[in-house]
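Going by the order they are written in, the chains are A, B, C, D and E; count residues from 1 in each one.
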Amino acid sequence: MTTAAGPAATSVPLVELRDVHKTFPAARGGTPVEAIRGVDLSVEAGEIVGIVGYSGAGKSTLVRLINALESTTSGSVRIGGREIADLKERDLREVRLGIGMIFQQFNLFRSRTVWGNIAYPLEVAGVARAEQNQRISDLLHFVGLADKAHSHVDELSGGQKQRVGIARALATEPSLLLADESTSALDPETTQEVLSLLRRVNRELGITIVVITHEMDVVRSLAHRVVVMEAGRIVEQGPVVQVLSDPQQPVTRRFVSTIVDDEPDAEALAALHARHPGHFVKLAFRGDEVRQSDVFAELLSRDVRFELVYGGIEEVQGETFGNLTLALDGDPAAVTAAVAAVADLVPTTELSR
Amino acid sequence: MTTAAGPAATSVPLVELRDVHKTFPAARGGTPVEAIRGVDLSVEAGEIVGIVGYSGAGKSTLVRLINALESTTSGSVRIGGREIADLKERDLREVRLGIGMIFQQFNLFRSRTVWGNIAYPLEVAGVARAEQNQRISDLLHFVGLADKAHSHVDELSGGQKQRVGIARALATEPSLLLADESTSALDPETTQEVLSLLRRVNRELGITIVVITHEMDVVRSLAHRVVVMEAGRIVEQGPVVQVLSDPQQPVTRRFVSTIVDDEPDAEALAALHARHPGHFVKLAFRGDEVRQSDVFAELLSRDVRFELVYGGIEEVQGETFGNLTLALDGDPAAVTAAVAAVADLVPTTELSR
Amino acid sequence: MNLDTNIGELWPLVWQGAYETLYIVAITLTLGGILGLLLGLALYVTRRGGLYASRATNLVLNVVVNFFRPIPFVIFIAAVQPLARVVVGTGIGNPAIIFALTLAAAFGISRIVEQSLVTVDPGVIEAARSVGASRLHIIRTVVLPEALGPLVLGYTFIFVALVDMSAIAGVIGGGGLGNFALQYGYRQFDAVVTWTAVVIIVALVQVVQLAGNVAARRIMRR
Amino acid sequence: MNLDTNIGELWPLVWQGAYETLYIVAITLTLGGILGLLLGLALYVTRRGGLYASRATNLVLNVVVNFFRPIPFVIFIAAVQPLARVVVGTGIGNPAIIFALTLAAAFGISRIVEQSLVTVDPGVIEAARSVGASRLHIIRTVVLPEALGPLVLGYTFIFVALVDMSAIAGVIGGGGLGNFALQYGYRQFDAVVTWTAVVIIVALVQVVQLAGNVAARRIMRR
Amino acid sequence: ARSGDDSAAAGGAEPAKVVLGTVGASDPYWQVLTDEAAEQGIDLEVKDFADYPQPNPALSEGELDVNQFQHLVYLAEYNAANDPDLVPLGSTAIYPLALYSTKVDSVEDIQDGDTVVVPDDDSNQARGLLILQSAGLIELKDGGTIYSSLADIDEEASRVEVKAIKADLTPTSLPDVAAAIINNDFVEKAGLEFADAIATDDPEDPNSLPYVNVFAVRAEDKDDATLQKLVAIYQDTQAVTDGVQDVSGGTAQLVKISQPELQAALDKVEADTAAQQ
């Protein structure tokens, strides 16, 4: 029952993990693998959450716990407030009917054609034949595989397989979509199309999405919130803009730097110094607070010439966002003064040679 | 025989494809798939060639022709000047001993541990046991799987599997490496490590590398030359800097735009216009010809204020490379004059609203 | 060897035997095939990590299957005669041999089925579970279709084994070409009759096996 | 049923029979297992798309295997007696039955092997080819290890089938527990003897089958 | 009761249906008998069994009306091991059993330690062992009976090693052994001559009576007119007896022994059998 206060105040999170652990038993002669070590995570209905982390951090295992493909070692997993650890297979089915999953390794049915793969969840959900056909045909066109409808899985390229996996997961318009590396094998064009489709189903149908990715670009353009995992734990999480603009953990900074060219690494810096004389500073622009022309005017007014040697401006969820590394050239005293003046306008870091 | 003119003048390419076609026979009730339709390609020894193209363009098929995992329908494939279509399996083996391959779907041996997978090519090549152990252990540390040495393949995460595939392909230090989407499942950190390893083996051991990728970042930071495929054909190829700075084909432009933020697309442009008043121009900086401060000074001198709203500066093979989109704000006449003046300094494009 | 032969007068019996073999094997393969499929599925799904994983059930099923398979077939036939009398109304002749063969085949088939099913990639079963398919539905729409290639080869194997086994029909007065070969050829030391019957049996088997091979290749596209 | 039984005096024969069964089946499974493995590998590698793809060879192999499998076993034994005399020096007794069983098992095993091997992912074979492994090396180091799980189940299946088939040893004077059950139990209408022998056979099979199951599960880690 | 009981025994409009079980229905005289029976209003169906243990239980179960494949010794054994409800209805013949060899011409030429095979069915086995004993090849403990088996051979005192083999495979094993006991009906088919026998038993000997082959029926049917008539057709039709002789190569000793006499002989063997166990 929702009260007048509005759903947000009382609604339970769609997905709620409390102190979840998952240990894979030791293989013979090995040690057990603690893949998940005490994770708390809530995903609200309608949210898009991005999960990032190094390979082996436990991301795939985490989402597999959400639809009970894997059982927890300890802790609680609730979907729509319902504890799924206690559920019998029959009730789990009900829960899973509302969850779509795109698998990292695709897991397509080799015994079925492309069409048959996409039809599968529709058959399970008992969708009428005519509607199935309509839906499959739409999805095939969307993922660009209309001409491969009757091909078998082993006749597809890597990206084509992934697209079948995507279409299959979207077929029943589940209310929760778990996407594990769903665009890793796709070219940029198709990636963009898939991402905008995901955005659209989220916006228009309110579908909640949990997306695992290695590409921060995907997080930036798709997610509302980002969760950073390391060695089985969530080490950082928050709204995308916040995490991107102010990453706390080294792992987060490492990921953020892949899209927001934070600052050149030592090697790149050395190369830049070799080509550009002068003093390097990194200026951090956030939102619309500071006009860049003011900064540049400041520099020019002091007769300090500059080159933008690294960095750029990004959009993150509609906000301007950028780190510009400038090479300042001019009278050393003037440069020092200019840096001081600029530092009053925007956060400024001097990059030592 | 090499003449005094130097090896480049007379050496045969390491890989040479001439008018190669590959058609997969029709499945029952289907039509044959022309995966490769007349490809000419040369790869010189010591080169790193990046192959990009949309999903299904024929990239994987192309590299599979190079080590004869797939036979051509017509045309000639020469490795080190030797036509491989005519070779018997025994001779093909010899050729393949010098070629390493990282598979898009990993193709790991389920019956072997991580260690055993990496050992396989060494066993085939007849490397002494002690050296094998040393090499495997080095590779395991390099790909960060030392603790998984005795794990079985199905206990690995997606990225871990890919790293095993990479280690296996590198194990024998082949003189030609075919890497099919070899970093697609890797986090940025590992990707960087793999890329710098590839760069190193290329530089230090002279290993020739053909790398298929969807990530232009990989091409940019690794490849010397880029080959763009579309629908079974090579539609564009050339040195990376040239192709990136002056892409000819729409597909190439699409790929290039993913790293060199070319200009905002219509949607982004509208969003930017909503936030930023004024006139938008895109400035293209190439190499060190033009100092940006001159351009900015020009603008400021005309009392035109500006914001960098899109774009950034990239490094491509040691050259500065950037497209900056500015929002110009000021007296309309002054803006027009400023645009004209700037256009004399750098290639300038006005972006209509 | 003596080449006097009675084959001339025996042709009607040859065709009669061929018909009986086909008939015995067809019924046996169908009924035993279904029973064996169910039993094999039960063995498979109750394995550790299976859809209905249950150590106890799996153990019981294993013990039962292991109990019946190694019993010498003649003893097995005799042992199930009382049951045959209840179920098919007689303990001798073709109905009884079909009954016994069906039971024996079911146990053998169950192993072949189990062996085929274990090769199914667990990933696709997970994919089916993830869309909320019931376990029975998964068995029907994923497990069996994904294993269809090896299953077809397995059933072809059993078909040939049944043709071979059906020759024993004679011990309880059943017919068929195998029994004909034994009775009118082999025991009469009539080599022509023996090998005529054998060649017909072999020809029958060739056709079915090659059909099975083609079907399996089509299904697996390898 | 009459429960007068001779079991009391027959125990030494029981143990003798058990020993002979083990001995017959062990030799048969080893020799027939190797022959069948080679034949099954040949069937597999000559398939379309196989490592030594050859339509003609594959057809010939198929026809040969299909020729021998369906021959009624008693006729088969009689037919190979002359060959047994050449190879093992006698046409009767355990050596001859081992010879006949080995041949028969080889043909059956070849099908089981083929059926297990077709489930190997072609991708891993490609991976092995890509590093320049020879085809024989690939068979040894990739094809067989990758199919080991189903192969173990397949050989276990054949073990049980051989225990069953070995009961026929008596027809040419061979021994074994199955023959003992027939000879001293079934043909004497001595149910106690029959079922004592059967239970021992079954116990033997249980142990081997459960060991095979465990091994297969370990190998496949499923 | 017999399957065709309600119809008239003889000469009725409806032919009486009789199901007969045997081992070796491929012998041509069975077809002659069937034809002759049909003439006389009996619809005879001959069911063929490949193995001896089955026709008796099938008769007990009512699946057969009569069987004809065994001698009294075998029948007695069956009755002793099960409910003794089968009785002999009429006799057919006594078949001699003999030892054959392709290697030697007389028993004396058999080397010490050679192998000799006997059929693996019990009654023929015992009978074969008795022949071997008379020929001086083996010694049986306690002198030998119609129940002797391989286990009763006194190996110390015997010249040869004995193996049991399925009756129809004894001829094909001749190359492997010094000599083999071969059932009468396999001799000529296997390309041997009856004259080649190197040792044989004597069907004329009164001690051979237990080896007379009989038609057996359930006790309740021993007065069944149709069955009696069938036996009479068998015994009295020249074409049938010729066929029987033909198959036996002229060695069969056709005999007609009355039902009570057969019953008495059976009872004696049965009593001995019971005592034996």
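Throughout what follows, contacts are C-beta pairs under 8 Å (C-beta built on N, C-alpha and C of every residue); 3 or more make two chains touch, one makes a residue touch a chain.
Because the structure is a prediction, the values reported are computed rather than measured.
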>> For chain A and chain D, which third chains touch each of them?
In response: B, C
>> Do chain C and chain D, two copies of one chain sequence, contact each other through the same residue numbers, with over half in common, or through different ones?
In response: same
> If you take the mean of the Cα atoms for each chain, which one ends up farthest from chain B?
Replying inline: E
>> Suppose each chain is reduced to the average of its Cα coordinates; what separation in Å results between chain B and chain C?
In response: 55
> Counting in whole Å, what is the centre-to-centre distance of chain A and chain C, each centre being its mean C-alpha position?
Replying inline: 54
> Using CA atom averages as chain centres, what separation in Å is found between chain C and chain E?
Replying inline: 35
> When the centre of a chain is set as the mean of its C-alpha atoms, what distance in Å lies between chain A and chain E?
Replying inline: 88
> Counting only residues that touch at least 2 other chains, which ones in chain B make the list?
Replying inline: 27, 105, 152
> Which residue numbers or ranges of chain E touch two or more of the other chains?
Replying inline: 53
> On chain C, where are the residues touching two or more other chains?
Replying inline: 74, 78, 168, 179, 182, 186, 221
>> Could you list, by residue number, the parts of chain A that touch chain C in their complex?
In response: 67, 69, 89-90, 93-101, 103, 105, 107-112, 120-121, 123-125, 152, 154, 168, 172
> Which of the residues in chain C come into contact with chain D in the complex?
Replying inline: 47-49, 62-63, 65-67, 69-75, 78, 108, 111-112, 114-116, 118-119, 122, 149-150, 153-154, 156-157, 160-161, 163-164, 167-168, 178-179, 181-182, 185-186, 194, 198, 201-202, 204-206, 209-210, 213, 216-217, 220, 222
> Once bound in the complex, which stretches of chain E touch chain C?
Replying inline: 21, 24-26, 47-51, 53-55, 57-58, 61, 63-64, 168, 171, 186, 189-191
> What residues on chain C touch chain E, complex-wise?
Replying inline: 1-2, 74, 78, 81, 85, 90-93, 168, 170-173, 179, 182-184, 186-190
> Across the complex, what residues on chain B touch chain A?
Replying inline: 24, 27, 29-30, 33, 52-56, 59-61, 104-105, 144, 150-152, 155, 157-160, 162-163, 180-181, 184-191, 214, 216, 254-255, 257-258, 261, 268, 271-272, 275, 288, 291-294, 296-297, 299-300, 305-315, 318, 320, 322, 324
